[in-house]
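Structure in structure tokens, see below.
All chains are identified by letter, namely A, B and C, in their written order; residue positions are counted from 1 within each chain.
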Amino acid sequence: MENWPYLFGAYTIAWLGVSFYLYINTKKQKGIEERLADIEALLKDTE
Amino acid sequence: MKFMHDAVSILRKDILLEIRGKESLSLMLFLSLLFLVIFNFALDIDKENVSLLASGILWVIFSFTGILGMGRTSMSERDEEAYLSIVFSPVSAESFYAGKVLSNLLFLLLMEAFTLVFFAVLFDFEKIIGMLPQLLPVLLLGTLGFALVGTLFSFLATASRYGEVLLPFLYLPVVVPVILGGVSSMDIILNGKPGGPGRWLQIMAVFDMLYLSISLLLFRYIIED
Amino acid sequence: MKTNRIIIFLFLSLLILMPLDFFLIFRVAPTERVMGDVQRIFYLHISLAMAAFLSLTVVFISSIIFLWKKDLKWDTAASVSAEIGVLFATLVLITGSLWARPIWNVWWTWDPRLLTVLILWFIYIGYFLLRGGIADRFRKAQYSAVIGIIGYVDIPVVRYATKWWKSIHPLLTKQGGGLDPVMKKVMFFSMATFFVLTVFLFLFRFRLARMEERLLILKKRMED
């Protein structure tokens, strides 16, 4: 197993790449869900 | 028939504007001259290597100068809201596109002819002028590919805030097959490499036909909002 | 809320499929004789390439449907899919490079397949640059649909032209007859896993994009 850094490097980077993509989008989703809830509550009040 | 008539009248309008204003063609000519000077410093061209370097240098100049020139013409079209008149006039989006391609093709070919002359003079490479008959199909097919994609994209990019920078970025990756074909077939012709340029001419012809049909289908979506 | 349930189901199945896929790749698949263990990058590399290609196909089809139906939903689908496609294409380039270093002794080589992926990558980066620069929602959708179609059509031409130029990429299809049957099965499983991953990412990101759009609409209504 002489070339293991390349092998594990490839799998680690791919895994990190997809995880990071999921992470930022989950964070974004949380922010949007909160703001949506706020606005919907506000709209109900005004009605 | 009306299609061709409209396209030719667009071409005529552009030629008239060019003669009066001399905007994009003179810009392209000075730019290509400047490129040649820069390449001279960058690559240290001499009698030994000029024949090997020629096709690469020329196609880099053709593609960069060409896209900047084409961006210029559509930018002015957009600024003056001239394209709006097509929406109201009986000229169809397709014939407008065909006319713009023809005028871009004409200006690009003129620019290329000047560049070849400059190149022959500056680098003492008269051979390239003598080989013009063989190079002509390469230049025609390659430049048509440039004009087809460049016309479409230059109108697309004008809508964007980053228009001028974005245009080469969108354009260059798409025309890679044309650049590859142009450089390779010119290299084969200039250096008498085996095989001949036939296959490359075929690839460029396929590219041209493909983009002609797609652009005719898609151009209306760029003009009509 | 049917999509929510599908997204959760896909996520849960990925929690099982992913570890299983890694287990198959590292423990079950036999070691290749010539290249050694590094060859195991193939299972990842090819699955990623398949996922990238799948995403860009969705971009192409959604772009056509958008121009036809003029429904912004299809533009959202196209842009979301392009994002995932760029993510996978980037990973394809990185994993390919990591494989090339020990085997070909270079990080990068101007091989047709590498070039095709790289050029595709540039085209879809341009797709997002174009989207970023246009304020009008509908025009943004229409213009990027044109790029989505043209970029996809460019793939076979670039592929053919660069192939005629030169090639050293290993052709797995030609050695297909000699490929170990266990290797083939593991490869198939890996591709299936990444297919599920692609669908999951797409649905997840699509739902988010729809939420963003609803937020924008509500905000506008608030201002009025």
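Simple rule for what comes next: a contact is a pair of C-beta atoms (placed from the backbone, for glycine too) under 8 Å apart; a residue touches a chain by one contact, two chains touch by 3 or more.
Just so it is clear, the structure is predicted and the values come from calculations on it, not from any experiment.
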Label of the chain whose CA centroid is most distant from the centroid of chain A: B
Nearest-to-centre chain - CA centroid comparison: C
Chain centre separation (chain A, chain C; CA means) in Å: 18
Separation of mean Cα positions, chain C and chain B [Å, integer]: 32
Whole-Å separation of chain centres (CA-atom averages), chain A against chain B: 43
For the chain B and chain C complex, residues of the former touching the latter: 149, 152, 156-157, 159-163, 166, 169-170, 172-174, 176-177, 180-181, 184, 199-200, 203, 206-207, 210-211, 214, 218, 221-222, 225
Residues of chain C that touch chain B when the two form their complex: 67, 115, 119-120, 122-123, 125-126, 129-130, 132-136, 138-139, 142-143, 145-147, 149-151, 153-154, 157-158, 160-162, 164-165
Complex contacts: residues of chain C adjacent to chain A: 22, 36-38, 40-41, 44-45, 48, 87, 90-91, 94-95, 98-99, 101-102, 197, 201, 204-205, 208, 211-212, 214-215, 218-219, 221-222
Chain A residues within the chain C interface of the complex: 1-4, 6-7, 9-11, 13-14, 17-18, 21-22, 25, 28-29, 32-33, 35-36, 39-40, 42-43
